[in-house]
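There are two complexes below, and they share chain A, which is joined by chain B in the first and by chain C in the second.
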Partner chain A sequence: MLNIVNKSPLDRGSLDSCLQSAEPGAILLIEDGVYAATRGSAGEARLKAAAGKFKLFALGPDMEARGIADRAMDGVTLIDYAGFVDLVAEYNTCQSWL
Partner chain B sequence: MTIKKFMMVNRKAPYGTVYALESLEVVLIAAAFEQDVSLAFLDDGVYQLKKGHQTKGVEMKAFEKTYGALEDYDVTKLYVDQESLAGRGLTADDLCVPVEIMSRADLGKRMEEQDVLLSF
Partner chain C sequence: MKFAILINEGPYTHQASDSAYQFAKAVLAKGHEIFRIFFYHDGVNNATRLTTPPQDDRNIVNRWSKLAEEHKLDMVVCVAAAQRRGIVDEGEAKRNGKDATNLAPGFRISGLGQLIEAGIQADRMVTFGD
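== the complex of A and B ==
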């Protein structure tokens, strides 16, 4: 399954809920969810711990908009909108953790 | 006109919601009425000031420059919570404008001095 998280990990529990509940698959961070993938943030450690279980992606345009594209942590692949579509097509189901 | 002390309390990241942009709108309105305006940034609100917004890809208006223009409206009191910055791997060097960085307790004291607090 492709899990999509669009909330900041410090503002809401969406990422934690996803990490705790989801079966192995992929996580795509979009909108304010991309803050989890920044070096030195609290989200980084949580994502690193989950890297064996999930393929990790973040939407590049959302990171650029927030001025954090140059701080993307290792282990997270930045994709564009076309890559977003490819991911949705690749997985049988997707779930948005709103 | 009576001048009141207004503080906008910004606690949300930019672009994901419209709060940050709306806060700036209210700042400019209050400044136009020559009120005593200050801005507080805490929690995810500190992300609003992260420099280098490139919003072409998401097709949204980048409002980073507006923070830089606040000085022209005599809005110079920008307060940032040190703890919120540190928790997000940010320092003063990462911010797009000069601010006063302080502890949460000192920020609370500034809040106590206000006539009107508006939360965003």
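== the complex of A and C ==
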């Protein structure tokens, strides 16, 4: 399953809920969710610990809009909206953790 | 592949309307089909034609209407969520004794069955919200 997280881990527990509950698959960070993928952030360690269980992606345009595209942590693949569509197509189901 | 999109957040709130719009455009650019876009909860506020954002800002409502016209999209607004928030077409205005309508072009008001049907008919359903 593709898991989509759109809130910062500093704002909501949706990333933690996803990491705890979701079956192995992929996580795509969009909107404020991309803050978790910032190098040196509180979210980085949690994502690194989950990297064996999930393929990690972040929406590049949302990182650029927040001025953090050059601070993306290792292990996270930046994609654009076309890549977003491809990811949704690739996985049989997707879940937005709202 | 057939996509359906569910939008649960109003325009100019956080980012869900914008993300959904960019995603919808990318879906169409890839040659996929959009079976339906369903607006639910505060998402129904995407369908009022009375918004007037500043001229140098994006017009989220008009943008949806234009996309629907260009690609013959089916954009459905949940009737119960719309009634609560004052999103009205001619049928609803008559039924509820309202003196005006505000549903933007390209949208239609219908029920949750349309969301369920989209979930069944589409290969993928992607939710954008708050």
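Here is the rule we go by: the second predicted complex is superposed on the first by the 98 of 98 C-alpha atoms of A that agree within 3 Å, B and C clash if a C-alpha of one lies under 4 Å from a C-alpha of the other, contacts with A are read in each partner's own complex, and residues count from 1 in each chain.
Throughout what follows, a residue touches a chain if its C-beta (ideal position, glycine included) is under 8 Å from a C-beta of that chain, and two chains touch if they have at least 3 such contacts.
Remember, it's a predicted structure, so these values are computed and weren't measured experimentally.
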item	value
Partner chain in contact with A:Glu31 - chain B first, chain C second, else both or neither	both
Partner chain(s) touched by A:Ala89 [first = chain B, second = chain C, both, neither]	second
More chain A residues in contact - chain B or chain C	B
Touched partner set for A:Ala69, first chain B, second chain C, both or neither	first
Which superposed partner A:Ile4 touches (first chain B, second chain C, both, neither)	second
Contacts of A:Leu98 with chain B and chain C, given as first, second, both or neither	second
Which of chain B and chain C A:Lys55 touches, first, second, both or neither	neither
Shared chain A contacts, counted only where both chain B and chain C touch the same residue	6, 31-32, 61-62, 80
Chain B-touching residues of chain A, taken from the complex the two chains share	6-8, 10-11, 31-32, 35, 38-42, 44, 60-62, 64-71, 80
Residues of chain A touching chain C in the complex	4, 6, 30-32, 61-62, 80-82, 84-86, 88-89, 93-94, 96, 98
Contact set on chain B toward chain A in their complex	12-17, 43-44, 47, 50-58, 60, 62, 64, 87-90
In the complex, chain C residues that touch chain A	1, 3, 8, 14-16, 19, 22-23, 25-27, 29-30, 32, 124-130
